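Consider the two complexes below, in which subunit A is the common component and subunit B and subunit C are the respective partners.
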Partner chain A sequence: MTTTDEIDSTVFEEAVTSTDPKVLAKVWGFGGMTSVLLGAIAGLLVGFERLDLTSADLLGSADEVFQFWSAHRVALVLLGVLPALMTLATTVVPRQCGANTLIFPRAAALACWTWLVGAVLTIVGFLADGGLGTPGAGGQRQATALTLIGLLLAIAGLLTATVCVVTTIISGRSTGTGLRDLPFTSWTTLVSATIWGGMLPVLAANIVLTYVDLRGRSAVRFGAEDAIWEQLSWMFTHPAVYVLALPVLGIALDVLSATTGTTQANRDVLLVATAAFGFLSFGAYAQPFFDTPGTPVMEEALYVVMAFAIVPVALVILGGVADTLRRGASNLGTRPPAETVCALLSVMLIVAGTAVGALRVIAPLDLLGTSVTGAQFTLVVGGAVLGVGAGFQHWGDDLVGGPGARPGMNLLGGLALAGGVVLIGATDLISGLLGLSDFTGVDLATAGYPGSGVDGLNIVSIVGSLALVGGLVIWQASGILHLTAAKKASSV
Partner chain B sequence: MLTTGFKLWFGFFVGAVLAAVFAGYTSGATETGPLSLGWKGGVGNHVSYTILVMGAGVLALLGLVAVAFRDADAKAQADFLGLDEAPPAQAVVGNSLWPVFGALGLGAVGVGLVVHPAIFVIGLCLLGAVAVEWTMTNWSEKVSDDASVNADARENLMRPIEIPVLAAAGVGVLVVAVSRILLTSSVTGAVVVATVIGLVIFVLALWISRRPELPRNTVRGVLFVGCLAVLVFGIVAAVSGEREFHHKGGGEHHDDTHDHGTDH
Partner chain C sequence: MSAAPAAPTRPRTLVVASAFGTGSVLLYFGGLFALYFSIRADAMAWGTTWFPEGAIQLVPGGMNMATMALSAITMGWAVSAVLNDDRVHAYLALALTAVLGVAMVNQTAFYFADIGLPIDASEAATLLFVIVGSHLVMVAVGIIWLGLLLLRALGGQDTSRHRDLVSAAALYWYAVVAVYSVIWIGIYIAK
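What follows is the complex of A and B.
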């Protein structure tokens, strides 16, 4: 009863009882990337609905469109990119630190399974007509409550895993490895984890507040169905969304350094820049739901200054990446590895995302409520997904325990994904400049003005969404093939 | 010398304090409000200000801990312990059931909060059991350096408790599940179901007993699938509700679950 290795375990028992970070990383990785795929499919369905904004042809009602639209963002952030990053944080980071394993491995296992249970409950809540409220209050209250509980569990799992990772980085390092000597993936994970540890509890508090009010006789304010999303939306926009990008910048720096065979120049500058990027990602303070009358937080000076300040910081990191490429380009040959291409594209997308974020807060342009917000989200989160993929490709053999990578498929998937993100981001940006709302609903009144050209752009956006889903499917297939090949190799 | 961890977190602390003060002054605070934590005047947007100040406090604490413990560097740990080299921070531990059961318990508590109090209570019981088992597992691993001695220590203490409790719980759950199935079926159907279930169990047990060479995993698999099937059918039956019961001598219909003796 104590441990299952006392008796002969089945494969299933071995999988669910393991405390080996490599086994759990498969749950984080495949679970996270599957959520990313589901989120992309939800985005695609909303995109199809946007093609004809005069009626709800595909999803039934404006409330359903909203549910899928919010599911798209939740699935990408809390159920997708963050858990996928945990894959690398729980396996690659301990090794980079010189630790023999992750500290608190059983707590890490608890974190992984708690996140999975939470993710499943969240998805069930969305599918059962719940989600994070609806503008027309047409959702099922019980299913909405289930979604909130699911998110709480997912956050609890992510926070517990964060504690294990930070503890490993701090107290599990080998002799002679100071914090300043850490590889960039570990360093940016430490910085990101500090910010996650500050932001996720605030998000959990928001959810508890919402849940308690929702479960009362009638919602007073926080749990009103049309107010839930507004209360939680800060997690899915500037500046909080950047915290997904930070570990990816570290992954990109390490991947490029390894594939070009060069050491990073100006290392201390990059350590400071990545730390500054992390600080500027702290977004828990920017909650529009709690605006002081007369001073909306998104128009306050701090919010605007942070949006602009992060651009030069991101450019410094891009400079570091470019410098590494310049010095090591000759080592890449004529066909650079897939992970190098994906890592480079991810950094460029993130930098583009920060530029769009700065554009969004320029008051005279009045873009805060427009689809420019969606463009920034797509570019930053798309860049993060691409960067996580680059990490999976780079450390893939270690993660799945054997050879069998499919570089061609990885490159094809990465290019499709990057192309899709660029198309969606660019069309959302232009649509936003033309006046399209971030959430369009299903009526022309919120979709800009007639003849604005938004309909044509929506078709381009659909093409982008298809490319994004296609790229993710290719990556999933590549991952499964790699895993199968590794299993075969280990059995031989 | 100031450590890297201190510089990181203290830098964040300074940034958070400056951001809080800046946010206060640019969102309608009075002159002294943001500097006095709201003691002498308003702080502007109180949500932003409070979150940033709280964050600053936590970051300052992290910075102080980092510098006090020299970033928990391996050399600092070795010096503190009086060793030449610090021991591994974490010993490799074996597989364990408790994390996955803990997650299931948390899930049951969450679902129970939304759906039904009974599920909530089951979740709490599961969490309580996991807490005890996890604690005993950790205690037993520190009894000695020998893993088998540790395992024996745990077995001796916990098996007399685990086996009766698990058996009682297992039998209880199966009895409730089968009773739900029988109560959902029609009067004749219940007889058929009881006969079929009894026959299946009898035949399977006979078949297994005649094949002692069967792999242990196969036997466990058969038992697992059987129990799962009864459980799933029991849950489906409970959701479907019981059949209608009729009182003798009256046309009144009601679903009386305690009146089993009078149905016909």
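What follows is the complex of A and C.
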């Protein structure tokens, strides 16, 4: 007689029905990094289109360029970095807290699959001529609605996972471990998760309002195709985008501390600084709906003060990182581990991003609508991707379940990625100072009548985009090879 | 011989999760309310009509508020009954709270079918339907949760030793009532 125990389940069945955080972490990790890669490819295509600012050459129209341009940001933030961070939040954080496993494992599994379905629907929506609206209202309304539903599902998944992580840290940590005793990855994840829990529902509210209006006979305001992005774009710019960077700062502090073999000095200062960094990244208020007559919300005192206040906070954290390196540099030897290099570069990129963010809000420079916004996004999100990669490399054997890491490939990919981010960020910054718009469209009026130097800068930016995509491909290949090696080792 | 010190206790997982989840739901409504009041203030400043005269009636909103306020009391009764291991009162209180929730949904559905205000009539109408509709979903989730609690109570699982799920549901239900009180004051009364 055959019993259910004797029936071999397929890999797919095991994955879908599993509540093991390690299995789910692979979905979060590979799904998130694949989205990051897709987002980088979308950015590369837009970069090629920017080589000629007067016409649509590669993509069909300004609306299509806009769809890829917005897909680049959505894929990197909601479908890429946040889920990739969830990989570490659902596996490494419980262990750091002394919890046996993640609390509510079934809810965590539901969250993971809900996010994945949402991510797929979002990508399909973008590819089916939908996305988050278009300036010329030339997209397909049904596909736009599909994109919005996909995003809602992705947010629902991320929020559910966030509840599981926060509950694990607060209620599941081992007896005698106070919040002050938490390792930095767990601490910054707790602070970030609190901010995610505050911002993602507001974004969901925006999306629901947009969806309801879009599905009506004719959009009243919120669902008008040329207005959708404007309502949701606050999630993909200062200050909301910093919340992606915060857990990465914690990861960097832990990775550097572990690889240099030193304990972090001034721990309490860093705990306060990272918490301040988190609360300065709450950006749900930065919506055009809250403009007061004559003063857009992005020119309000709160917005400007937050942009400047986060710079010294980031510098304090960089100081902590530098101090750890100074005291433990001798333990690194002549060839520092790949994760150390990636972690250090990620912190530096994030600090540079905060500086660019402060520059962007200086009113006389009038940079809010320029590609300086893109520069800040690239530096902060690029730094976040690099930091997540450092975390994957550091805890890779635990995540994948066996040996087989490729440090050489990881270092090469990380350096290519960092180089690409620097090139894109620097060229966007200079182009923005010369007057290039954040979204350039396919005519000079939309592009902002940029100065003559922009064409050359766009070529440099393309090189950066290619390096970024190349770095991500190397990392994906490294991850797959690691996974394959780990499976072989476990089967032997 | 002195007794061994009691092991330090951690906050209860279900209550912590419910508090965080409920907080997120409140932020969702906070976002919608902020949009509603901001756009309404702009409309008022420009002298634009927000809702057509007579479109929003005070009585249905007031009745719903009274229903919700009663349900908050019965929810407190349910928590108290579970704490005291009073199963009969727990059944009654949980069932009554759920019935009051259903009554609120019924009243709102009837009112919105009767209101004669299309969802795409204006920005105000769209916001009204989204806010009230979202709240109905919140109430419906609460009713389902209460139904599950009732089943657990019938199985003898909601006791003073296992009261977390009731406390978590009560926290959520109080948030349901709090959100409705903002709808009542901000939309039905202030119009």
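Rule of thumb we're sticking to: the second predicted complex is superposed on the first by the 479 of 492 C-alpha atoms of A that agree within 3 Å, B and C clash if a C-alpha of one lies under 4 Å from a C-alpha of the other, contacts with A are read in each partner's own complex, and residues count from 1 in each chain.
One rule holds for everything that comes next: contacts are C-beta pairs under 8 Å (C-beta built on N, C-alpha and C of every residue); 3 or more make two chains touch, one makes a residue touch a chain.
Remember, it's a predicted structure, so these values are computed and weren't measured experimentally.
By the touch criterion defined above, A:284 lies against subunit B and subunit C together after alignment on the C-alpha atoms of chain A. With both structures placed on the common chain, the touch criterion links A:491 to neither subunit B nor subunit C.
Contact with subunit C, but none with subunit B, is seen for A:206 once the two complexes are overlaid on the shared chain. Of the two partner chains, subunit B is the only one touched by A:294; subunit C is not.
In the superposition on chain A, A:10 contacts subunit B only, with no contact to subunit C. Within the superposed three-chain model, A:198 lies in touch with subunit B and with subunit C [touch as defined at top]. More residues of subunit A are in touch with B than with the other of subunit B and subunit C. By the touch criterion stated above, A:170 is placed in contact with subunit B and with subunit C alike.
With both structures placed on the common chain, the touch criterion links A:159 to subunit C but leaves subunit B unconnected.
Within the superposed three-chain model, A:222 lies in touch with subunit C and out of touch with subunit B [touch as defined at top]. On subunit A, the surface patch touched by subunit B in one complex and by subunit C in the other comprises residues 103-104, 170-173, 175-176, 198, 202, 284-285, 287, 290. Taken in their complex, subunit A has these residues touching subunit C: 103-104, 159, 162-164, 166-167, 170-173, 175-176, 197-206, 208-209, 212-213, 216-222, 284-285, 287, 289-290, 293.
Within the complex, the subunit A residues that touch subunit B are 1-6, 8-10, 13-14, 16-19, 99-107, 109-110, 112-114, 116-118, 121, 142, 145-146, 149-150, 152-153, 156-157, 168, 170-180, 190-191, 194, 198, 202, 275, 279, 282, 284-287, 290-292, 294-295, 297, 300-302, 305. Every residue of subunit C that touches subunit A in the complex is listed here, in rising order: 7-8, 10-13, 16-17, 20-21, 23-25, 27-32, 34-35, 38-39, 42, 45, 119-120, 122-123, 125-127, 129-130, 133-134. Of all the residues in subunit B, the ones that touch subunit A in their complex are 3-5, 8-9, 11-12, 15-16, 19, 22-23, 26-28, 44-49, 51-52, 55, 58-59, 62, 66, 71-75, 77-78, 85-86, 88-90, 92-100, 102-104, 106-107, 110-111, 113-115, 133-134, 137, 140, 151, 154-155, 158-159, 162, 216-217, 220-221.
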